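Two complexes follow with chain A in common, the first pairing it with chain B and the second with chain C.
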Partner chain A sequence: MKPLHDSTTPPGTPDDEGATGPRTAGAASGAASSAGAAAPVIDVRGLRFRYPGAETDALGGLDLSVESAEFVAVVGANGSGKSTLARLLGGLETPAGAMRAVACGHDLLTDDGRMAARREVGVLFQNPENQLVAECVEDDVAFGLENLAWAPERMRARVDEMLARFGLTGLRDREPHLLSGGQKQRTALAGVLAVPRRVLVLDEPTAMLDPAGRGEVLEAVAALRRDGLAVVFVTQEMDEVVGADRVVALERGAVVYAGDVPGLFEDVGLVRRLGLGLPAAGELALELAALGRPLEPLPLTLDALVAALGASG
Partner chain B sequence: MSAASSDGRAVSSRSAPGIAAGMSVRCDGIGFSYAEAHTPIPALRSVTFELAAGRSLALLGPSGSGKSTLLQVIKGLDTPEAGTVALDGLRPDAPGYDAARREVGLVFQTPELQLFATSAREDVAFGPRRLGRPEEEVQAAVEEAMELVGLPPEVFGGRHPYALSGGEQRRLALAGVLAMRPRLLLLDEPFVSLDPATRRELVRILVRLRSGGVTLVLATHDVDLAWALCDDLLVLDGGRVVASGPWDAGEAGRALRAAGRLREPFLVELWRRLGRDAAAAPPRTAAEAAEALR
Partner chain C sequence: MKASIAQYYPGDSIVHRLDARAKFVAVATLAVALFVRDSFAGLAVFASAGVVAYGLSGVPVAWFWRAFRPLLWLIGLTFLTQLLFAPGEPFFSWWIFDFSWEGLQFAAFLSLRLLVLVLIGSVLTLTTAPLALTDGLAWLGRPLRRLRVPTDELALMVTIALRFIPTLLVELDQIMRAQRARGAEFGSGGPIRRAKALVPVLTPLFVLSFRRADELALAMEARCYQPGIVRTRLHPLRAGMPDAVLLAVTAAIVVAGLLV
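Let's turn to the complex of A and B:
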């Protein structure tokens, strides 16, 4: 994830959002939770799910905890349960069971809890084509608010705010099918976040986009971190994992790694077993290490690789 | 573009089981528009390029630049308003052109959505059967294609396509096209949504096809995998060709940057950052790069 240098991002913090203020350091959320000041926004223990007719569980006892303002990347091979987890966290599927399954204080094991969780947990999927429903960009952004019967004036202000925030103001009258992939996905993101949220779950949001569209979406998501929104970011792109606070790796529906990003990529045996890879810089560093030129610490970005090669060469 | 390899890699014509020798393709002044609310929206404007038999072409461009449309035109699913697609040196009015066109394989984006049969084997057999091939030939082609994509028929043949993982489904759909023994294989975003290990497996399959002599056209946003796989480059922007020819890193880099929504391959950028680009062509793989840097 690119660091943000943009100091002009509008405030845009939802008015009834639980968390406040920018997240300034890795210690902030840890301190809050150890003091018991804030419950995690996602608190799941032993979550199970099975698709109708399937012979095995898609999720078989999954544990996950996410704090306010935390950015958690979720990785795993095809079929490891990432998308299932995304749908369950958003209250879009009914769990088969769990010791505990709480999202924003709502019990995902009950119908009422799932309905309430859907209001506070936004989910953005891979294919923007399937998520745009209205005739023009601004109607699409307003769609969720209309369903919640917001007053017209309040809705207008909120839609304007979201259009500005995601760089869509000049495109507000555009038909969604005439947008680029990145513009479509930003419109879908603005629509998801127009409804004030505490958690945003993204399921491979950049998979269908060209490099520029990918950059647009990643920057928009990075900006959200400063607002205190918790982000669960499912991806197959190892380069997109690098900036996360924490990474969770799934294997056959269970968590097999939860911790910092370098810790995952330094365990190359685990990375390979899980069907994952390293960011391009890390893959090259591994090849170099095999030839007798190890780089420490393992570089995960182009900048870090260039610096390490300069330092050791 | 000529068959002589500009980057020193041999263009092999060696045949391998289930792999047919490649065919050339040449597009001359292709124009195509989509009819949208009575206003035609041009998708391809005077697209001209040539790809020699056995070469692999990276088809790059921003979303909406015409990549998928060009693949459909080459396959013959869309008829161009202007220009011609010559296959194997044959123009569309030449005898034998229809036969050549049947040897063009197109793997659609997310092809697993089109799996439909009740067993993997039957799904792969659908294409060659529809071409009217004798049943023994169909079965041999099915076995070879399933082996090629790493789904051995004795293990996977009887399984229901929907019981396969996402990566297995993608490879099964590819096998369905390979069973028709294409000499020109067109792939539309084949890596989308695959996990890194499945991507590596797919790259190995495509390398095997390429060294078997099949001509490849790879439309993708994944410029790093394209760089690892492809001899030649065609960059589209707004339906026009903005770069074409052997993928020379320096010149192509300028074209990729000029197209605005694209980036250069990681290894090309690394080589430039290290100041090595003037001395030698950037490496194609991490292993080659490590050899040079050790």
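Let's turn to the complex of A and C:
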């Protein structure tokens, strides 16, 4: 087992400088197994998982590779295995098998490896209400550090840092049930990241929030990305996919697309089959095309749509 | 809503700032002494200690009264039963009841003792946050770990329960409104009918709670929780000079109360 990541390093310190993932459109990409310092933070090959009592595999031989500081969106319909993948990457479930399943250098196929992975791969879940353990915001942010037995002074400093970073300083004594949805999810995020992380897995973190709360959480995630934390963003909101470095689409527990974002949305047939839809600007552009005003390439953001309309006169 | 769950009154008095463990030990010691001593003089000593502590806490009387009022029934009932059934030379008889001076005295003593006990106990619960009290009890219960009693886990359980009570109340309200919208009626009809009306409310509440427990357990594991691990706390319990003084004063009161 590799030595544990130094817990004093702030999350998102890019220790694999200069590594950018290969961008191949088409079927399962899977990074070439690079050796040495540039090893991907997530390196999974042929990952299988089946829930107890289920007839079929929730994941049937899935490949995924995430470089440090990379932002990878994972999309798919309900039941496609997205949440299962999120839990497996966080060391929270035991894989049924895999050719290789490594997170931050820890082997997810062993008990020790999963325990170690839990320290470096943070997982934020969908329902903010069911993630908050403590009676007030700051105690909740501290929960992970308490579990890792940090000294109180060091913990105090780290918690204050996290509260400030996620705009929670003024709410530190607030009880969870008095927080808005966005505030709850930011508290949960601060709690996940209080433990120094190298990878953050987000499992539909905005699905249960109102538009304001969604904006708060996405803003916080964007800031983390600028800091260079590797992010795996599981979502059904196509507008949240647009800014990602890479997107992986799942169908019935298998990867059906891995590559850049425009590449996925070019294959409208695949997108429809997966039950996903396009970003709002893309849907609008398709409507325009149907009316005899095709735009190339397909705009995925409002800005791109406006620009394309301007260019085409 | 908070007040109805725990009667804790947030404040910054000298009593509030004392360590939960010291307060608990002091109250437990006084309670034992209270039951060992059976004279009005001793009772007076413990009562004055309780009154002084309550005075120092700065908790408004109205707040105390609200928590205390339900207990008046218990105290009243104690008084009546002792008065009617205590042995002694009757000075007055009515129907099957005999009233004696001894009975009157005994009843008064027992109810006053109960009153003082409630007062002293209240000072603890009024001035100590439930969380601090839980942590304090977990610390005091540490020797039990040798007997494999999972004290820290129990403390965490209580903490989580306290945290989710308001959430459950909100959920309960939502379910009841949803059932009313479907024609359910609560609070009408006989007791059996009323109890039956609760089934469609409690069933979804339980189902939701089990799902919640699953998700919460996962989120806790994701933040490196494992049963049986040694945890540190963001707010460690800190006992200092004032707590030592409290214990010394308590000892003095106990001695005084037992000797007078």
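Throughout what follows, the second predicted complex is superposed on the first by the 275 of 313 C-alpha atoms of A that agree within 3 Å, B and C clash if a C-alpha of one lies under 4 Å from a C-alpha of the other, contacts with A are read in each partner's own complex, and residues count from 1 in each chain.
Heads up, the rule we're going with is that contacts are C-beta pairs under 8 Å (C-beta built on N, C-alpha and C of every residue); 3 or more make two chains touch, one makes a residue touch a chain.
Remember, it's a predicted structure, so these values are computed and weren't measured experimentally.
Visitor: With both complexes overlaid on chain A, does A:78 touch chain B (first), chain C (second), both or neither?
Guide: After superposing on A, A:78 lies in contact with chain B but is clear of chain C.
Visitor: Is A:276 in contact with chain B, with chain C, with both, or with neither (first, second, both, neither)?
Guide: first
Visitor: With both complexes superposed on chain A, which partner does A:123 reach: first (chain B), second (chain C), both or neither?
Guide: The answer is second: A:123 touches chain C but not chain B.
Visitor: Does chain B (first) or chain C (second) touch A:131, or do both, or does neither?
Guide: Touch partner of A:131: chain C, not chain B.
Visitor: Please work out whether A:107 is in contact with chain B alone, chain C alone, both, or neither, and reply first, second, both or neither.
Guide: In the superposition, A:107 touches no partner, neither chain B nor chain C.
Visitor: Chain C touches which residues of chain A in the complex?
Guide: 87, 90, 92, 115, 118-119, 122-123, 125, 127, 129-135, 138-139, 142-152, 155-156, 159, 175-177, 188, 191-192, 195
Visitor: Spell out the residues on chain C that touch chain A in their complex, using ranges where they run on.
Guide: Going through chain C, the ones touching chain A are 2, 130-131, 159-160, 162-163, 166-167, 170, 212, 215-216, 218-226, 229-236.
Visitor: For a test of understanding, state which residues of chain B touch chain A in their complex under the given definition.
Guide: Residues of chain B touching chain A: 61-64, 165-167, 189, 192-200, 221, 223-224, 260-263, 266-267, 269-270, 273-274, 286-287, 289-291, 293-294.
Visitor: Could you please specify the touching residues of chain A with respect to chain B in the complex?
Guide: Chain A residues touching chain B: 76-79, 126, 180-182, 204, 207-214, 236, 238, 272, 275-277, 280-281, 283-284, 286-288, 290-293, 302, 305-306, 309, 313.
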